[in-house]
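Note that the chains take the letters A, B and C in the order they are written out, and that residue 1 is the start of every chain.
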Amino acid sequence: MRKAVAAPQISGISNPTKQQVRAGVTQAWMERLRPYLYVAPALTFFFLFFLFPIAYVIYLSFFDWTLLNLEEMDWVGFENYSALLAESDFHQVLWNSLVYTVSTVVLGILLSFLLALWLNKKAKVYGVIQAAVFSPHIISLVSVAMLWMWLMDPQYGLLNALLEMVGLPGYTWLAETKSAMISLILVSIWKGVGYNTLVFIAGMQSIPRDIYEAADLDQSPWWRTLTRITIPMLSPTLFFLLVINTVSSFQVFDTIYVMTQGGPINSTNMLVFYIYEQGMDFYNGGAASAASVILLGLVGILTFLHFRVMGKRVHYQ
Amino acid sequence: MGHVGRTTLKMVEWILLIGVGLVFVFPFLWMFLTAFKTMPEVYQFPPSWWPESWQVENFRKAWSSGPFLTYVWNSLVVAVGTLILQFLIGVPAAYAFARYRFKGKNALFGLSLIALMIPSQVIFLPVYVQMSHWGLVDTLWALILPFGASAFGIFLLRQSFMQVPDEVIEAARLDNASEWKIMWTIMVPLAKPVLVTFGLFSFIYHWNDYFWPLIMTNSDSVRTLPIGISMLKAAEGGKQWNVIMAGNMMLVFPILVVFFFAQRHIINAFVYQSK
Amino acid sequence: MARVELNQITKGFQNQTVVKGVNLVIPDGSFTVLVGPSGCGKSTTLRMIAGLESVTSGEIQIGDQVVNQLPPGKRDVAMVFQNYALYPTMNVYDNIAYGLRNRGTSKKDCKILVEEIAEIVGLTPYLKRKPSQLSGGQRQRVALARAMVKKPKVFLMDEPLSNLDAKLRNQMRVELTSLHKQLGSTFIYVTHDQVEAMTMGDQIVVMSEGNIMQVAAPMDLYQEPENLFVAQFIGSPAMNIIPSENDSQTLWGFRPEKALIMSDAVTTVSTNEMITLRGSIVSREILGADSLYYVETGKGRVVVKMDTDQTVELQTSVQVCVPYSHIYEFDRDSGNRVQRREGKPAPTLAGGMV
């Protein structure tokens, strides 16, 4: 039987050669460096196309400049901001953005919550309707915008035809100030409600079944189950949707560009469209970059809130 | 509740379900029908439901009103090119974030979080100025490069890489596989479902994107399909809704077909962000 | 084929040391089993040999090469993991061939080698299957084949059988030992199961809290434990420990199967030959052929293993007799074995041991 030996030094065992040691050291270095090399390309892109532009647009907002001649930039300090904030058009833009955002977010989330409650069932029909409700979400906004322009055509559009069929007068849709905004809100909700609904349904399905079973055993009436279990358990989902929908309402552009061009009389001009107009059409780089910074600030605040709350949520679980 | 009451309730629910379904699907159907109508049919009030004779002509008109072959090609180049770049850049980053411990990892990861939250619409202006400094405005590069690193893709992949058991990687190390090789031959094949999910998401997003090509391009040779379609609207001689809708079909139809066959995948791809 | 030598190996994670200066020689061609309770450092030791963990201090030699700086793939070792760690996306053939390909073996040689090994472990019909389509036993074979195909100097196995059901485990135990004989390579095997260790190993290394407690052949380990830990770890049920009769500095130990239960009525034989503990039976477990009796005595509760045929009623007063020849004496503080006092017969005289 072999016996344990307290490892004696046996002659003839080679110690590592110098080359081996050197190779080991280089290898250790390589291993240290490796993670940085792997993340470097991604971080370079993030830097070039996210971080640097953020800093750059802040820098640009202190200059008077145009896209026509980028060599010539005059330092104006905060003048762009003061000019912007004094301008009634910009007030209108901010107001429009606010109206649009609040309406789409509140109505969109409310509607999709109700839809989710209704459609979150096993039977096949519900799956089909879920897919139908979701389908506009994956269609190009430009297609959606043109399709709805056609549907909303005041003379020949399908919507007015339907209204007439049930004996109602035709609506002005995109042709008038008030109705144009309402039309854009409508299109946005139509496109986005399916996404929200499915996110809600995913959230509802992640609530453990046994909580509902326990509630049933406690003879909890449906509305109490809804307000005491479903809604509180969905609060992270709800919060996520609030942030995502608000940010995407801020960035609305395609529908405005295709359907209204900000009109009639600026009634649907909102932040991104305004920046585009100032920067690309009116060659007013100063105003465009200052407005960009304001928009960036708004998105930044939301992002910050998002991570604060999400961070806490992760912590509690 | 009585038996009869329950049956009527079921009936009412079915009617409501179909109603809701129609609200979302009928506009597409209307687009389809319009695309095959003649001009007089389009401008008829109240509208006719079914086209009298199916006008395939509308599609030819739409197609020949601009260099649509170029648009389609550019759209594919941009969507596929972006996807490839995102894959090549995202895999190593996700692997490092998932599998290595290194100084500054959390800070760098946090940095990528910012990219996840800032929409391109918010910073298009400085990016445009950068692009014009680099002479890349009005090239396909301007449409691909800004999206080269996808924070969303890196998050998805990282999640998937983190779930691979350590032993599998250790077994590969003992099999004399280099880290680079482990990443591409062990980890990437394991992440296939996530890659498909992300691929669908990214492709659909860039196929559909209107805003970025609108900002970055001026010439037909580098324009993408959404721009081409939107220009049908500006055609002279009043709005030919039948031709516009025929063009629109070119943009919408491929996506709807893919959606029809990969419904669950696509829904997961889009809804995943919320989890 | 190679011997493996560990010189003063330590491993620290943050602020705790899990392996504390281990010295060990694993002879060429041996089947060495590292055994110990969970957290004793046996897996970490194995993983250091594999190169999956770095060594905090000390030296590891495989053959006549110091391997501390070598990456795992260059050490010419193969490892079988507890949960197989097969590559899920590759079929059986590719799983086995992966290591060969990474070494630059030609396609043709790969095919020959893989098919040869598949034949040996009986996987030939399954080469095109994915791991998810295999049973637990088949996966285990793939893991083995994957290790074998590289013809490594040393096989490392980290609890490779613990995910199998009892029947399959027994079968694989036999297969592994015969495989070891066939290949003649060095096997280093980690387990927490002392039965597995005793049945498979020819050299057993008992570890506890990062230290080696004893290195010996199975029989020696059972008959001549060097300390309390080994005495109690090896053998089932564990050795009984009671205070010694004449020396407060030592403890006595005896194995449950070496004690006898006698009726209280019988007058005991000369106390020069054996110790006698009086007590009553508190419970009994029937294992099959043997039964375990739990006896509450004046020196604490002891376990006695007896033939099931000789039933003793519960609650009866009995005396537990242990011949002196089967008493082990340990130092109370260090736990080390104290040399047997002179004049007592050697334990090897006791019969009935397999």
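Methods note: contacts are C-beta pairs under 8 Å (C-beta built on N, C-alpha and C of every residue); 3 or more make two chains touch, one makes a residue touch a chain.
None of these values were measured; they are calculated from a predicted model.
Participant: In the touch network of chains, how many steps separate chain A from chain B on the shortest route?
Facilitator: Minimum number of steps from chain A to chain B: 1.
Participant: Give the label of the chain whose average Cα location is farthest from that of chain B.
Facilitator: C
Participant: Between chain A and chain B, what is the separation of their C-alpha centroids in Å?
Facilitator: So the centroids are 15 Å from each other.
Participant: Taking each chain's centre as the mean position of its Cα atoms, how many Å separate chain B from chain C?
Facilitator: Centre-to-centre distance between chain B and chain C: 58 Å.
Participant: As a quick test, compute the distance in whole Å between the mean CA positions of chain A and chain C.
Facilitator: Computed from C-alpha means, the inter-chain centre distance equals 58 Å.
Participant: For chain C, what residues touch not just one other chain but two or more?
Facilitator: Only 71 qualify.
Participant: Using the touch rule from the top of the page, what residues of chain A touch 2 or more other chains?
Facilitator: None at all.
Participant: Given the complex with chain A, which residues does chain B contribute to the contact?
Facilitator: 14, 17, 20-21, 23-25, 27-28, 30-31, 34, 42-47, 88-90, 92-93, 95-97, 100, 102, 105, 108, 111-115, 117-119, 121-130, 132-133, 145-149, 151, 154, 179, 204, 207-211, 214-215, 226, 229-230, 233, 239, 241, 244-245, 248, 251-252, 255-256, 259, 263, 266-267, 270-271, 273-275
Participant: Name, in rising order, each residue of chain A that touches chain B in their complex.
Facilitator: 32, 34-39, 41-46, 48-54, 56-57, 60, 67, 70, 115, 125-126, 128-143, 146-151, 153, 155-156, 158, 161, 164-165, 190, 194-195, 198-199, 202-203, 206, 237, 240-241, 244, 247-248, 250-251, 253-254, 257-258, 272, 275-276, 279-280, 285, 288-289, 292, 295-296, 299, 302-303, 306-307
Participant: Report the residues of chain B in contact with chain C in the complex, numbered from low to high.
Facilitator: My answer: residues 165, 167-168, 170-178, 181, 185-186, 189-190, 192.
Participant: Where on chain C is chain B touching in the complex?
Facilitator: 50-52, 71-74, 77-79, 81-90, 98-99, 102-103, 146, 150
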